[in-house]
Every structure is written in C-alpha cells, then in structure tokens.
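My questions will all concern the structure given below.
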Amino acid sequence: MSPAAILQARGVTRRFGGLVALDHIDLDIPRGIVQSVIGPNGSGKTTLINALSGASPADAGSIQLDSREISGLKPHRIAQLGLARTFQNIRLFANLNVLENVKVAAGCRSAESLFGIVTGNRNHRRTETAIDEAAREALHTVGLIHRADDAADQLPYAQQRLLEIARAIATKPRILLLDEPAAGMNMTESLALLETISRLKSTGITVLLVEHNVRFVMDISDRVAVLDFGKKIADGSPAEVQSNALVIEAYLGRRRRHA
Amino acid sequence: MRISPYLALVAAGALSIPLLTHDNYVIQLLNIAILNAIVVLGLNYTTGWTGQINFGQAAFYGLGAYSTALATKFGLPWIAASFSAILVVALASLVLGLPTLRLRTHYLAMTTIGFAEIVRLIIVHWEPVTGGTSGLRDIPGIDLLGWHPQGQIQHYYIMIAVLALAVVVAARIRHSTVGRAMIATKDSEIAAEQSGVDTLRMKLLAFMIGAIYAGIAGCLYASSIRFISPDSFSGTQAVFLMTMLIVGGMGSIPGCVAGALALTILPEALRFLGQWYLVLYGLGVIGIIALLPGGLASVISVRKLRWGHPQ
Amino acid sequence: MLVSALAKRTSIQVIALGGALALWNTALEAAPASCPSPIPLGLTTALTGNLALLGTQARNGVEFAVDEINKNGGVAGKQLALTTEDTGASSTDALNAMNRIIDGKPLVIIGSMISPHVFAQTESVTKSETPFLVGATNAKVTAQNSRWLFRTHVHDGQLAELIPTYLVKSLGKTKPGIIAVADDYGLGASKGIQEALAKLNVTPVAVTSYAPSDKDMSAQLLEIKDKGADSLILFGRPADIALVMKQMGDLGIKLTTIGNSSIVAQTTLNNLSTAEADGAYAIGGMIPQPSTDPKIVDWSKQILARYKVPADNFTVAYYDTVYLLKDVIEKVGCDKAAIRDSLAATKGWKGLFIEYTADNAGDLAHTLGIYRNKGKTPEFVGPIKDTAD
Amino acid sequence: MLRVENLKVAYGHIEVLKGINFNVEAAEIVALIGSNGAGKTTTLNTISGLLRPTSGVISWKGENINRTPVEAIVASGLAHCPEGRRIFPGLTVRENLLSGTAARPNNRKAIEEDMTLVFDLFPRLKERIKQLGWSLSGGEQQMLAIGRALMSRPSLLMLDEPSLGLAPIVIDQLFDRIVELNKRTQLAVFLVEQNSAMALEIANRAFVIETGTITLSGPASELAGNPRIQEAYLGG
Amino acid sequence: MGQLIVNGLALGSIYALVALGLLMIFNTVQIVNFAQGQLLMLGAFIGISSAVTQELPIAIAWIVTMAAMALIGIVFMVLVYLPLRGRSPFLVILTTISMGIVLENLALIIWGPLPVSLPSPVHGAPLRFAGVVISMHQAFTFATLIVVLTLQFLLLTRTRFGILMQATAQDLRTARLVGIPVQRTIAVAFASGAVLSGIAGLLVAPTYLAEPTMGGSLGLKAFVVSVIGGFGSLPGAVIGGLSLGLIETFGARYISSNFRDAYAFIIMIGVLIAWPRGLFGEKTSEKV
C-alpha cells in the first residue's frame, strides 16, 4: 500500500446476474489529486462509484479509505468516515429547502440527544449554529448561497448539480466522488464547475471524478483511469490516456474488420 | 418565531373557546379532536416525514390507553401510570419496528395491519385483565400532583396544553438534525445514507416517537373518558387517522392538527347525511388525494405553497 | 294456541292494539300541562359498521312506535320528536353521538343495545340527569350505579344461568361444547355459561369462539364433535349463527343445540334449510316469530313491509320502551326525575309480550321463554323466569 | 419520409433539444451521432411519441405526428428499438417477438411468416426461442430487440445505440445484419450511435449532435474523416 | 382430520380466488387494490339481486354478475387508477382503502344490513369418503378454482393478448413503445380482476352468506395470501391461499379458535422477516 494513497481498491468486482459490471478493478488514488475515471456508456463507471460508496456494495474485493477497510460498511458509516459522493441522476431532498439539504449532510457526525433538541439547551444551540455555518459555507463554495431559502427542486438543473456537490462537501469529506457532475450543463456552467473543482482540490479534498465527457476532464485531472466493459484498460496522465489506442477504440469504436 | 402573530391568534382562540361555549358536547368533541391531533402528529413522524406506511398507530393509541387504565386501576399514581404507558408503547414500537422497518410499501402496510390485529385480538381475549370486548370501566381520572380535573372544560385545557407541547416538540425536532434526517430518508433513502444519515435508525426513531405520541394520547383518553373498549382503537380507526394525515397534509405540523380537527368535527356536522356520510367521506378523501396533493396544509399555510408536487 | 299458553302460564297478557288505543284516549284527558311540544326523545344506535343490522332492528322498533303514537294523537296530546344519532362501530363515536343527543336536551334518551357503547355513554347521561333506557345485554350494564339507567331487555347473565340449567336439568345433557361469537355479546355469555355449568358440576368438553367476521366455523365444530360432546351451546348474532348451523348440517354433525334467540330469529331461519334449523332450542324473551297472535303477526308484517328487515326481540323491546315511556309521561308529566322515579317503580307494565317490573338495579325485563325450531318454524315450548324475580 | 423541423423538447425547466432539423428518406441509413447527454435518445423518444415536443414539427409520410398516440405511430410503420434493448425479461424470445405485433392485426399466419423472416436474419434467436428474455446475452438481446421492432412491419427502423455494451465482434455482426436488412428490404434505418466510427461506415448520411444542437451534417463518408468528430468525443 | 383438510381447502380456495383477482391488477399496473374484498361483496350482492330478487336462472345470474363486475372494474380503474398514475404507492393504497369504504356503505344503503344467501349452482347429496364429507358446493368451488387458474394461465401465456398484458406489467414504457395499447390492456386487467373477485363472491354467498361488511376481512386475507405467496405469482396465490385456509382451520382446531385471525398475520410477518418479498418473490426488479 502506497502511504500516499487516500483510497485504495483491490480486485473490486460486481456482478448483475450473468453480467460482470466490474471486473477486478484496482485503483490507487493519491492524496490531494483529481483522479478521473472515464469510459463509454455502460462501461461500469457508476457501478464503481456505487461500490466504493457502499450504495450497491461490491461482491468481492477490498476498499480502504486512509488504510481503513470500508467495504461491507453501511453507506452512512462510509460517509461519516470521509467519503462523500454525488449522483448522476440527481437525488435531492425535495421536501427540504436548499440550505436544509446541505444541513442534512453537515450534521452527519453530530450526535445530538433528543433531550437537547426538545429543550433547546446550549449544547443543541451550539451544534445547530455549527451546522448552519458549515452548510452556508458549503453553499458559498459552490456559489449557491443566494438560493439558501428556495425549494431544492425549484432550482435550475445546473444549480441542482451544484447543490449535490455542496451537500457532499458539507460532510467534510477526505475524498469526494463526483458522478458525471457536468451532465446536462452548458459550456459556461461546465467551466464554472471546473473552477469549483479546482477550488475544492486546493482546500485539500481529493476528488474522484467520473465522467463520460473526456474533453471535460483532461485539463483538470492529475490522473485518468479508463474503464471499458467493467475492466480498467488504462490509468495514467491525461496525455498518456488520450493517445492510448485502446482508449480511442473504446470510445470511437473499432473500424470494421473488412472495411 | 416566524409566524408568531398567527400562533398567538390560534392560541388565543383555542384558550377562549370554553368562554364562548359551556356546551359539553362541543368541548368533549374538541377534546377527542385534540387527542386525534396528537396521534396524527405522531403518525406524521413515521409517515409524513420518514415515509413509512403505518397502520399500527391506532394500536399504539390503544396500548397507551390500556396500559394507563390497568396501571391506574392497579393503584399506581397517575403520573407513574402515564410513564409506564409510554414505556410499554415505546417497547412495542421497537418490537414491531426492529424486524420490519426494512420492508417497503404494501409489505410494511400489511405488517402494521397485522400487528394491530394481533394487539386487538390479545385485548379482546385476555378478558380477565383487559375486560375483553366489554372494555374497562371506572378508570381513575387524571391526578396531577393532587389536582383532579373535573368536567370537560378543565380536561380541555389539559389537552390543549399537551397538544401545544406536542406541536412544540414536533417543530423543534423538525428543525433539528433529526427532523431533517427523517425527511431526507423519505425523499431519497440512498442520498440520505450517502450524506451520513443512518436511515434505519431514523425510521426506528420516527416510529418510536410516533408511537409515544399515540401512547400519551391514549393515556389521556383513558383517564379523561374513563372507559375504554377495543373498538375505539381498531383497524378502521387506523385508516381514519391516516386519512386525517393525508387530508391535513403529510409532513406539515399545522396540517396534522387541521386534518385531525376537520375530520373529527366534520362527521358530526354531517350527521344529517346518515348512511350516506361514509360514502361521501370516502369519495372526499379520494378527491383530496387526487386534486389537492398538499392537503389542507397547502390551503392554510402562510408560507409559499408548492402545488403539484406529489410526494 | 301457543301465545295464549304463554299468556296463561306467565300471566302475561298481550295488549291488543285496539285496547291500547282506548287507553291513550283516556290518558289524553289527564294530560299534565308541563310537557314541551313536541316532546324531544333521543336515540343512539348503530346504523353503519358491522353492528348496523342490530342497530337498525332496534331503531325500527323505536321509530315504528313513535310514528304510531304520533299518528294516534301523541303523548298527552303532544307529538314525540325523535332524534336519532348513529354510533358507528366504535364506543368513541358512541360517546360523541350521545353528547350530541344530550346537547339537544331530550326528555328521555334511548340507548344502544351494544354494551360497550352504553358503558361509554352512561357517565355523560347520568351527569345530564336524563332517564336512559337501553337494551344492551351485558349483565354489568345495570351495575354501573346509575339511578338514571334502565334496561328493557333481558341480559346475558339471565341467559347464562338458564341455558345450562335447562340443558342439564331438562334435556339431560352433561357434555356440552360451547361456541360463541368473539364480541361483547358472545364472550360475556360464554364466560357466564361456563360459571353456571360449573355450579351444576358440568365441565364443557370444548370452549371455542369465532370472530364476528369469520366465515368458516368448521374447525370449532369439529373440535366439539371430536371431543365427544353430546350437546352444543351456541351464542351469537343471527348472521353467524346461521353459518354455524349451516356448517353443522354440511359436516353431518347432529347435536342437541341450545343458545340465544338468534337461533330462532327470522334472519337466521331465512338462510337455513329445514333440516339445518330443525330441533334447535333458544332461550330468550319477546321473540316475535313463533307468535300466532294475529296482532303480533300483523305487527311483524308491518315492520317487515316498512323496513325490509324482520322484527326481532330488540325491535320488540325498543317498541315496548317507547310505549312504556308514553304511559309514564302521561302519568307523571315531563319532569325527568319524576319519570325516573316512575320507571324505577314500574310493576307489571304490560308490553307486547311480557310484563316489565323494575328491580333495584334498573332491570325491567325478567321473563324468558324456551323456543324450539320445528323445521324452519320456531315454536314456543314454555316460559321460564329468571331467579331475580 | 421522416422530417423533423425546429424540434424543441424540454424536461421541466431544462431544454434538452434546442431546435433541431433533419430528415430521413426511404431506403436510407441515416446516423445521428454524439456523446452521452447530447440529446440523441430524447430525439428518438419524441419522434416515437413517448415525449411531446415543446415546439417544432415531426412529419411522417407527410403527416404531422406531434400528437399522434404511440401505438398509432407504430402501426403506421415507424418502429423504435430502444436504448438498452429493453427486452421484456419475463417473456420468452418468441413472446418478445409476438409483443412486437401489438399494433397490427392478429393474423396468425402473417405473424408466423414474419417471425420466420426474423429467424432467417438472426438464426441465433431461433435456437433460443423458448428462453426467457433476461437469460440472453447482450448481443442476443439486441438481436431480439431489433427482431421485435421488425415484427411491426416498419418502413423506418429507429435504432438507439445498438452497439451499447457489446463486444466489438458482436457489433460487427450486428451491423452486417443491419446493412443486409437495408439492402434486402429497402427498410430505412435511423441509427443513433455514440460509436461513430462504426455508424459512419454503414450510414449514407449523418448528423452530429452536441448538447441539443446539430453541429455537423453531411454524407457519412465525408464526416468520417472530419477531425471535429474525435474532438467532440475526446477533446483536442 | 380429513374433514379439517377439506374445509380448510374450501376456505383457502376462496382466499386464492380473491388473491388471483388481486394479482391480475397488480401484475399489470403494480397497484395493490385494498378494495378487492369489497369487489367480492359486490359480486355476491349482484348475484343475489339477479338470482333471488329478479329470479333469474342461476346460470344467467352468474353471467349477469360477471358482466356487471367487468364494468365495475373499469369504473374502478377510471376512479382510482387514472387520477393517481405515477403517484406514491402509499397514496394509491389509501385511495383503494377509501374506495372500499365507499363501496361497503353504498352496499349498506342499497341492500341493507341483512345477511342473505344465494343458491348454489350445484345441487345434490354431499360426497362422502371415509367419514369425510364434501358438499357439492365445496367440490364446485374447488373445480372453479382449478378452471379459473387454468384459464388465467392460458390467457396469460397462450394468447397474444395475455402476452401483451405480461409485457405491460414487466415494462410499461417499453410496452407503449412497441405499440401495445396499454390503456386497453390495463382496462382488461381491472375488468378481469373485478370479475375474479365477483366469482369469489358468487362462491362465497351460498355457504358463507353475503352482507355489506363481508369484504373487509376476506380482502385482508387475500393480501396475507399474496404477501405469503409473493405479489404477482400465480402459483404463489394458489398455494398461499390454500395453505392459509389450512393454517387457519388447523390453528383454530388445535391451538385456539380465539386467535384464528392472528395465525395468518403471525405467519405473514414471519415470512416477511425471512423473505422480504414473499415465498415466491415479486417479479419486478428494483434498481438502485
């Protein structure tokens, strides 16, 4: 185990019936970088995020977060240990407003007693203030603070994606898994998103960025891994990956044999 | 508080009702409506916020009533009896909740119906203790440190006080880590988990708090009406409680109170309809579900409404 | 003549309607002036839910009597105004219904025949100091220490004594099985019957029950048969009693059967074949079906024609209740306490079938009869009186 | 035959198609290529009536079908073979094929004949005739999905990412079949793909779609050499 | 013992029939109809109105009832299913419960509270072997269950329409896409679900009598059956129904008749704790 790796996966495998969606994936993510995972549709990217975050656990393999085994843990435990994620198909809390959406995550490690909540004692007020501040800070980071009191599902699409990110960073993660965060965004919005990701990186959060859009990840990524048919077919610097013949074929398809 | 003028108005109105009427019938009806409101507020934790179908709420209501009746008849001081009732109900909610809260929709619905039916059968057939279908009579009244409330109006003020407490507690929980986590659990279980919320714990907690609300209401029912029988806590009652929640507006605290008051008082106002009443009741509930997804809360709410967003 | 036999042996005289009319006319002249017009009467009974049939039969009795009285000039020249409230199937609703009735300040309240409903209501009625007449059958209903509560129907404590006595002493059976409906009516009686059997040194071979909504009672019947019962004590509502007797027929179980009046109720017999109904005994009061008295036959016909539901013992009791009230009001006027005292002093008041006499607890009905189905036609076998009389 | 004019589609507040234009003529193979989320599937779903456009016109055989019910569109000869194949998992191969005849009369003989044609095209399906849909391999499922669409006797077949998740050799065979079908029966094919290399090889004409807008169009042979295509996917 | 089995199976056949009706609707639109028992009650009363009140021959009465039930099924769909498409299953459950309340009280108004019976279509002396009595109506009930099960199986698997129904159930969106007239298919599912309940009602009324409140407990038993057998499973509904009939009968005989209704629920809760989707599983798959 390389001491610098914040997340290490070994032999992660996930099957759906006869289909092997993840086939012995190994991944070492050094602390503080932006690691991207790309691959064509159906190559297993979201399955990988689900396996790492515990949403749909792997059938086999080991996953260590800062040298601590997290495979088999409940998703909320994994989140509390410092792994946060967003969803490709946005999953916000429709009955909470924007600030409260983030507060749910900001409160993930505060063990409040019901007694404190009901009596509103000092301990409770202190916790609530801390959560409120943390949540506002997260909204600030993604530039949504002006919409704090709006209903979450009334936000435009791009802002909903940003809210997902704010919610994830409000858990104060060591590593942040972003599942296609730019999907459905226009160019300006995508660029702003890239900036936000850079800012997160500069605060010391390691980012695992899963993207279909290769172009999008090239500038920001320190390393890029490529999945195809549930297998990792490349892992290296953006330039290396971009020129890898296997990758090009995976994306553009192979010329037909008799063409 | 944001809506304090409204709250003050509602509170003043509630407190002055007995001054306007000395009518036992009206006050007694209000007392039962208030008890229903407390039970529905409890149901709101489970169903309104955490999204778990619960047709066992009437059974918890009954367990609270029977525990209080038995404990006070046995000679326990009223305060001790009410705490023992809460304990019994909380334990029962754990017994039902622990193994079954992983189940979804109709499976959970059936399990809670089954639980309620088993509780009812035990009450009916454990005659030496529960009085069977004839119920329990001559239950000792409320005894608050030597004060024995007499008559409907004194009971009314006790009920209003408990309801106010129930509302305040609900509002506090709603705006805390726990309340937000409950609603997150309902809106997206997986997103809540990945935000660090132990959703199973939240479901269990909601179930337990909800049951305790029902238990407290049951305790007040037994000690104020002083007669209980199983038919007041049957599956039919569970359905009525659920419709109060839906009609009032799932998830909304004022909605719960409004729904319970409306659906307890309305049947009385519509008594002239006779047998047609229940036909219209059913059709009305269907209409509200189809046409007014937010329930009464979306009409009475002073905050911005969110129409057309079925939950 | 069966009815004349009944009349002779129990010194009960059935009031002929014509005679009754004459009585009212004389009463009219002595009318006390203190009565409001119209005279408000309250009634709570179950019209919806699974007890609707029983509640409706009681309502029919009250309503029919009130209409008849009003048509014939009312009580002391004043019309009766009946307010009816539905108790539904829950005692909480029954209490609400009662409070609403009390709110209308009626002179007299007639209550349900569902005992838990009456238990829930008694405190409110007592506080309102209104005479309260019920047909509820739980023996403890009149043990609530309310001076305002009276019962005009026999209670299951009386049946619980008499059924075992008749079964053991007159029919000579010593190995009964018990099957009862699992509601207030059946379970209360079942308990009383077991106690009464114990006094006779008889132990039932099997004690079973079924839920009011149950459709299949074959398991209970087979248990009773397998355990070697020589007789069956049956306690339930007409709908389910019919099922039990039908299934006995289907299973080829032939036991001497004795039970409450549901066994000879028209509703039951309508749904049974001759063979299924034949030979079963019932103990009860005021059962209209076996009567051959033209007045009662005519009365029953009118009830059936008007309500499409046959009259039963509750219809009779509630019908009598209204006439009893009429007589009391005409005697003492419209003072609630006076009515109460007059009711408590009732002695030998003649109803449609039986005489009513108040005892200390407030029970007015003490006369029961034994009936037996001959084919699908119930016959009166003989009267018996409860021990309190 | 199929003409799409200034088509706009939105999911709630989000406009997914921002006014696209294209056409497909009889006996043609036309490809619509683009990366994930560009709006390819939305385009197909709108044409087949599952989604309704916010504005624009879809005309099919000269008639506006913006508001025509899905089953009527299928009955009029426009078949849609959906993304992810969407085989009915609990139905057998034969039953899946039969489900494709829903919009035509229940003429047993004609149906059997058409089924024979499908089996001629994909003999593998005949071998698996009694197997349940979920138990088929990805390639077989794709064949079945195409076969099911063919059972409605279409004059235009819309294929949504038939290559998705299939091994290259399987894709090869599949595309051979599509070409054969087109040649033999003059069936027009509207092919939506992200596998652009393969799609451009068999198509007559092609369009490139990026975030709801058509950015390139022309004869497939010309587009195949255009560096903008690789850029659209992998960046420069 | 043998007699207990016969009676348990007779009761179980009724449960199974109601569960099959429930399944018909669930399998097409994934709606759990909590008013299925009330549909049974309607079937019984319509049968009685035709055969007893209108004095139609019993065979005609059966046909009239089934036709009426088909119509009621479609009205039911229009009132309950169409306004709630895509809403939470919880609201659908509550709507069907409310519909049950409406039907029960309408029946009380129309037919009154009296229990009434319907003549059986079959007559004759009961069959007897080795001390076990099987009434003609019981035999007829078994036979009907077998016929209905066979017809339902043939319809669903051997006709094109049945296959289209199955396809609709498995994937509504794709069903539309391949040109299945899903609206009509769903209407047929509701109609046939109601007809099956109606048949159960016609079979219940001769032995168990009919009254407006009879639907509640029978409907609830049908859910217990469906939960034990697994919602949507044809064999599950039949095996679940028959075994529930046996469990109740044997439990009432050998444990205590007081807790007869509890056995069903205890077993159901036990099954759910062990297999959260019932013994035969639910055919639908859920994606994370």
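A few notes on this one:
We call the chains A, B, C, D and E, going by the order they appear; numbering starts again at 1 in every chain.
Basically, a residue touches a chain if its C-beta (ideal position, glycine included) is under 8 Å from a C-beta of that chain, and two chains touch if they have at least 3 such contacts.
Note that this is a predicted model, so its numbers are computed, not measured.
Set against the C-alpha centre of subunit B, every other chain centre is closer than that of D.
For subunit E, the chain with the farthest CA centroid is A. Centres computed as Cα averages put subunit A at a distance of 74 Å from subunit C.
Put simply, the C-alpha centre of subunit A and that of subunit B have 41 angstrom between them. Distance from the subunit B centre to the subunit C centre is 37 Å, each centre being the mean of its Cα atoms.
In subunit A, the residues that reach two or more other chains under the touch definition are 55. For subunit B, the set of residues that touch two or more other chains comprises 124-125, 190, 275, 278, 311.
Multi-chain contact residues of subunit E (touching two or more other chains) are listed as 105, 108, 258, 261, 288. Subunit A meets subunit D in the complex at residues 17-19, 40-42, 156-157, 180, 183-184, 186-187, 212-216, 218, 229, 242, 248-249, 251-257, 259.
Those residues of subunit D whose C-beta lies close enough to touch subunit A in the complex are 13-14, 16, 35-37, 134-135, 137-138, 161, 163-165, 167-168, 171-172, 175, 194-199, 201, 211, 229-231, 233-236. Residues 53-55, 74-76, 78-80, 84-85, 87, 91-96, 100-101, 103-105, 107-110, 112, 114, 117-118, 120, 124, 127-128, 131, 151, 153, 167-168, 170-171 of subunit A are the ones touching subunit B in the complex. For subunit C in complex with subunit E, the touching residues are 48-50, 52-53, 56, 182, 208-211, 213-216, 218-220, 222-223, 238-239, 242-243, 246-247, 250-252, 267, 270-271, 308-309. Partner subunit E is touched in their complex by these residues of subunit D: 48, 50, 70-71, 73-75, 80, 82, 86, 88-91, 95-96, 98-103, 106, 148-149, 152.
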